[in-house]
Amino acid sequence: MADTILVINPNSTETVTRAMDAACEPLRMAGGPAIECVSLQEGPPGIETQFHVDSVVTPLARIVSERQHDCGAFVIACFSDPGIHSLRELARKPVLGIAECSILTALTIGEKFGVIAILQQSIARHARYIAALGVRDRLAGELPVGLGVTELVDAGKTYERMVETGKKLRDDHGADVVVMGCAGMAHYRKPLQAALGIPVVEPTQAAVAMAIGRVRLGWHLL
Amino acid sequence: MADTILVINPNSTETVTRAMDAACEPLRMAGGPAIECVSLQEGPPGIETQFHVDSVVTPLARIVSERQHDCGAFVIACFSDPGIHSLRELARKPVLGIAECSILTALTIGEKFGVIAILQQSIARHARYIAALGVRDRLAGELPVGLGVTELVDAGKTYERMVETGKKLRDDHGADVVVMGCAGMAHYRKPLQAALGIPVVEPTQAAVAMAIGRVRLGWHLL
Amino acid sequence: MADTILVINPNSTETVTRAMDAACEPLRMAGGPAIECVSLQEGPPGIETQFHVDSVVTPLARIVSERQHDCGAFVIACFSDPGIHSLRELARKPVLGIAECSILTALTIGEKFGVIAILQQSIARHARYIAALGVRDRLAGELPVGLGVTELVDAGKTYERMVETGKKLRDDHGADVVVMGCAGMAHYRKPLQAALGIPVVEPTQAAVAMAIGRVRLGWHLL
Amino acid sequence: MADTILVINPNSTETVTRAMDAACEPLRMAGGPAIECVSLQEGPPGIETQFHVDSVVTPLARIVSERQHDCGAFVIACFSDPGIHSLRELARKPVLGIAECSILTALTIGEKFGVIAILQQSIARHARYIAALGVRDRLAGELPVGLGVTELVDAGKTYERMVETGKKLRDDHGADVVVMGCAGMAHYRKPLQAALGIPVVEPTQAAVAMAIGRVRLGWHLL
Amino acid sequence: MADTILVINPNSTETVTRAMDAACEPLRMAGGPAIECVSLQEGPPGIETQFHVDSVVTPLARIVSERQHDCGAFVIACFSDPGIHSLRELARKPVLGIAECSILTALTIGEKFGVIAILQQSIARHARYIAALGVRDRLAGELPVGLGVTELVDAGKTYERMVETGKKLRDDHGADVVVMGCAGMAHYRKPLQAALGIPVVEPTQAAVAMAIGRVRLGWHLL
Amino acid sequence: MADTILVINPNSTETVTRAMDAACEPLRMAGGPAIECVSLQEGPPGIETQFHVDSVVTPLARIVSERQHDCGAFVIACFSDPGIHSLRELARKPVLGIAECSILTALTIGEKFGVIAILQQSIARHARYIAALGVRDRLAGELPVGLGVTELVDAGKTYERMVETGKKLRDDHGADVVVMGCAGMAHYRKPLQAALGIPVVEPTQAAVAMAIGRVRLGWHLL
């Protein structure tokens, strides 16, 4: 259908894409836009560096071009919002990034948002993006879970660290809402929120939610 | 249904509420939340001053309290977002303001947003709100249509001035997206956008669109 | 006398109003404006929520209207500056808030101001106000004394916690001037300042001090 | 008397000092602080450059040292607030600058303040100061009267240009309060305000008004 | 030599690269680093869109990798600083962008910098970058020369428009220093500066100048 | 030679000047500008207060005037950049400050810069300067080494504390580049950088490096 929301995971890890797909389930409504999640075959297994971010723009542009005729909106599902501005130039349909949408959504929930990053090395990249977004004054802080790559495969440990990191954002940095700075971990949102006692925003869900309105309203048809 | 989105027009002018209701039509989906628009009987005919803004908070709080059991989210449909923070304290459901939601939505569309105000006297009030929102750096400017109250009843003249004001925001202030700083004028969105050649955001639609996602995701259930 | 400064305590607790009255004593001069302190009978015992803030605006407006003929200026004596912008619209005389005046005064004393809040839940509300005021870059931080309502009646304990909180603002947040984020506690200002070794600003005194100049200069007579 | 407010004109032009003295008249109250205005003999005829600003710090420091025993506060009466931070280091009494006090006062009156500068070349200097003060987001703009030195002696022409400049700040830059960016012109305040229809702040009066409270409260006695 | 500064023009237009090379001449010193200018063969004829910016990152990364052994620093010579953060991740040598270096240099020359853009469509992209750089408060404004692609080949007309645009930045936006927002036009710098009467910064020269120090100091050798 | 860079140490301590001179050695190139370092005889032994900063402006102005004929640029080598704006008014040659140049250089190296101050009392002064510079959003924090004057003569202890302070800036404040907030300690840069594992910018070197380009390009010849 021409109003399908295409959620593109810019990495090639299919399990992440499946997790995103499951996370979109509550947003699928009879009479509403279809929501389709795809992996970027050309992408790396995970977006971990600025070079990863920059190098997926060309293949993302190809998908967006190919799917414009049958899609009503595109969601780029990586917390670095790779290629978001390039894709907006190219597309005749709305393109949303999960970082921007989750942060903007958090602004309607709390006064200061904290971000839980997976990798320490992503924080400077996110800081540049948040500054460009113009909302730095609302940022409480961003902290990494601080696990090595081998430890990150341990889901229990990862979750445990997300809780610890969220508590630090809440208690030491004054965050009253937390954004999960990663895609594909929506299943942790609810327990994390319960553990922290403050709202938690899952970015893919936040972006797809905003895309639904954009598709229905057809504002992009200039 | 418990997931109804209640759109509250904080003024008592029923024609405005009807216009809002019509504007929500594209956002009604078979399997999606019901969208109900009501006027605030105790409200003034229009919200024109800070005192109007402050004085509707108590009756708004009453409605929100009364309708919590059967509503999934509340949208306060006045560009001054009256009582938004009070209502968030009181409600166990999400409360969204049309000013914040339209501005945040505009941030995903252009680099600098302009706001078309109806009254000159609202601009300082909006400026305080935009500053508190923390997005002042993205504001291109806000300009009034500059019509007296008697002239505002002339729809043709009002629209004409909205176009002129929008062009000034675009050409002199660098706006590449325009937010309509008023409720109940959604029917002007499309022609205004065509006349300006840059995207135009209608605030009630922007807020209801965001509310749909919030209702579906149930994030407020802490 | 027409140049009386009317200090309105927006809560109904008479002992707080009496404490304010005593705090104004050094500002009473033979040839200067009279300073009168009144409680808001319709107010809650304390302003603790955003809804409290919003709900006192209407009764405040009534007092300001009634007393315009014989007052030269109004001071709203609650650290949330309730209704300040509504009252400025209505009054033909200057209206000052104790939060804004104490913060602006602190800017002439130190480089970074810290705020001691009574309640944790007030901090987000104050943060919005400080952002709207446009002086967020000078804020070192705001911290609550962190006592429950029952403990706050213990004056000794409250003072002790104010000292601890002030030291934390000074040592961990870099504050070199502290603003007391509450009204009616002027008697703690001097010992608190001595304990912290950095200047402490008491907000009601700061606002009344500014009001004296405004009354004498008659700048409001546009 | 030990609570005299010493207003120091950092230039040597006695007529300016006399004008300041007259401007302080409404702030002299029976039972209030004495207000004494002096010229800086070592100062240039006018403070027109950054070098002028820097070069008066040493003689200002000497006066402040000499008069600490019998003064309760010092006001530095030049819109560049020369030496303000040096003098605060040296003095055991409050030191206020007329630029900071007038700008902070304007923040309690309007949403966006405009500044009328005498010389174009002062604007960058003031911009650095306003940035350091941390209130740049509230600045509507600063514009010079744009007269050559020989024309500035023509009082009628100077006033006329102040009106024109003020109107430009109001209409093109959105100022709703204007600060006179110069000392010794208090006699223009009232007609200028009438001509502009928005409040006008005179800086020496604003600073002396704030000094009165500081003297009375004795907050500097750490 | 291992301390060569490699200036990479990310477009494939050799005449632009030659112009850059000539612009570097004053920075070549007998005992200083060699300065070599190369075109990106894979690049488009000109960098005109965000997609152009993103699409040159991969080939830029390849050049930087290949030339690390014999280069002491890299300058990316396009005013959008394409790939700057990716390249910094990859390189063991300093990587400088001409936009950042020219803007930072301008901050040491004037209070408010204006930018002359070639294309209107680049301004939003530059705005995001300036915001990320954290120096938006020093920006007077950015304006395009406003010529179509066919007119831009007319050097005389282009220069004429740069002068007009610079004057507008100076007179209407308050710029006291102007940055040329394009590469390969260093020959216009001197006459442009003379025509405007305020300093003009040429970005490739600014960046290469900073690179010399970085090479000589060897700070990158962590 | 007319293109000599004159580095002026605004204090009178010759050993500091000698240390600066040694630090400039890598920046001396055959065919490049001569670099000469001088002490300010009239300066205090160290610049420790705002009054020290202000009081050296007049003698600095004298040196700059006297040496304009044979110098191509001036570097003011104190981390408070004393007199920088006065000297720019007076000089027909570029004048650079080591604080601004090191901070701007740090912006090209990391996302958040930390500053190691020698004295606690300098931090508010530096904060004002960084705010005026317009780059406060990039500041991670500034911390003092926290040694008394007598302890500062112990080089080993001072270095040890610089390492501790740098680690605190890195770990608790998120700095990914550190600026040495003092002059004459360039010999610590390399070991400090090794100890911290993040880049360290030495301010005199940063400023002299930028001065070389300025001299070679002759941009100041308006």
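We just call them A, B, C, D, E and F in the order they show up, numbering each chain from 1.
The rule we apply is simple: a contact is a pair of C-beta atoms (placed from the backbone, for glycine too) under 8 Å apart; a residue touches a chain by one contact, two chains touch by 3 or more.
Since this is a predicted model, take the numbers as computed values, not measurements.
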item: Shared interface partners, meaning chains that touch chain C and chain F; value: A, D
item: Partner chains that chain E and chain F have in common; value: A, D
item: Chain pair equivalent in interface to C-F, over half of contacts matched, among A-C, A-B or E-F; value: A-C
item: Residue-number overlap at the chain C/chain D interface, same or different (half cut); value: same
item: Whole-Å gap between the CA centroids of chain D and chain E; value: 42
item: Length of the line joining the C-alpha centres of chain B and chain C, rounded to whole Å; value: 33
item: Chain E: positions in contact with at least two other chains; value: 128, 131, 134, 137
item: Chain contact topology (line, ring, star, complete or other); value: other
item: Pairs of chains in contact (touch as defined earlier), listed by label; value: A-B, A-C, A-E, A-F, B-C, B-D, B-E, C-D, C-F, D-E, D-F, E-F
item: Touching residues (chain side chain A, partner chain E) in the complex; value: 49-51, 53-55, 57-58, 61, 83, 85-86, 88-90, 125, 128-129, 131-132, 134
item: Footprint of chain A on chain C - complex, ascending; value: 123-124, 127-128, 131, 136
item: Chain C-facing residues of chain D, complex; value: 26-27, 29-32, 94, 96-97, 100-101, 104-105, 107-109, 133-135, 137-138, 189, 193-194, 197-201, 205-206, 208-210, 212-214, 216-220, 222
item: List of chain F residues in touch with chain A within their complex; value: 110-112, 137, 174, 176
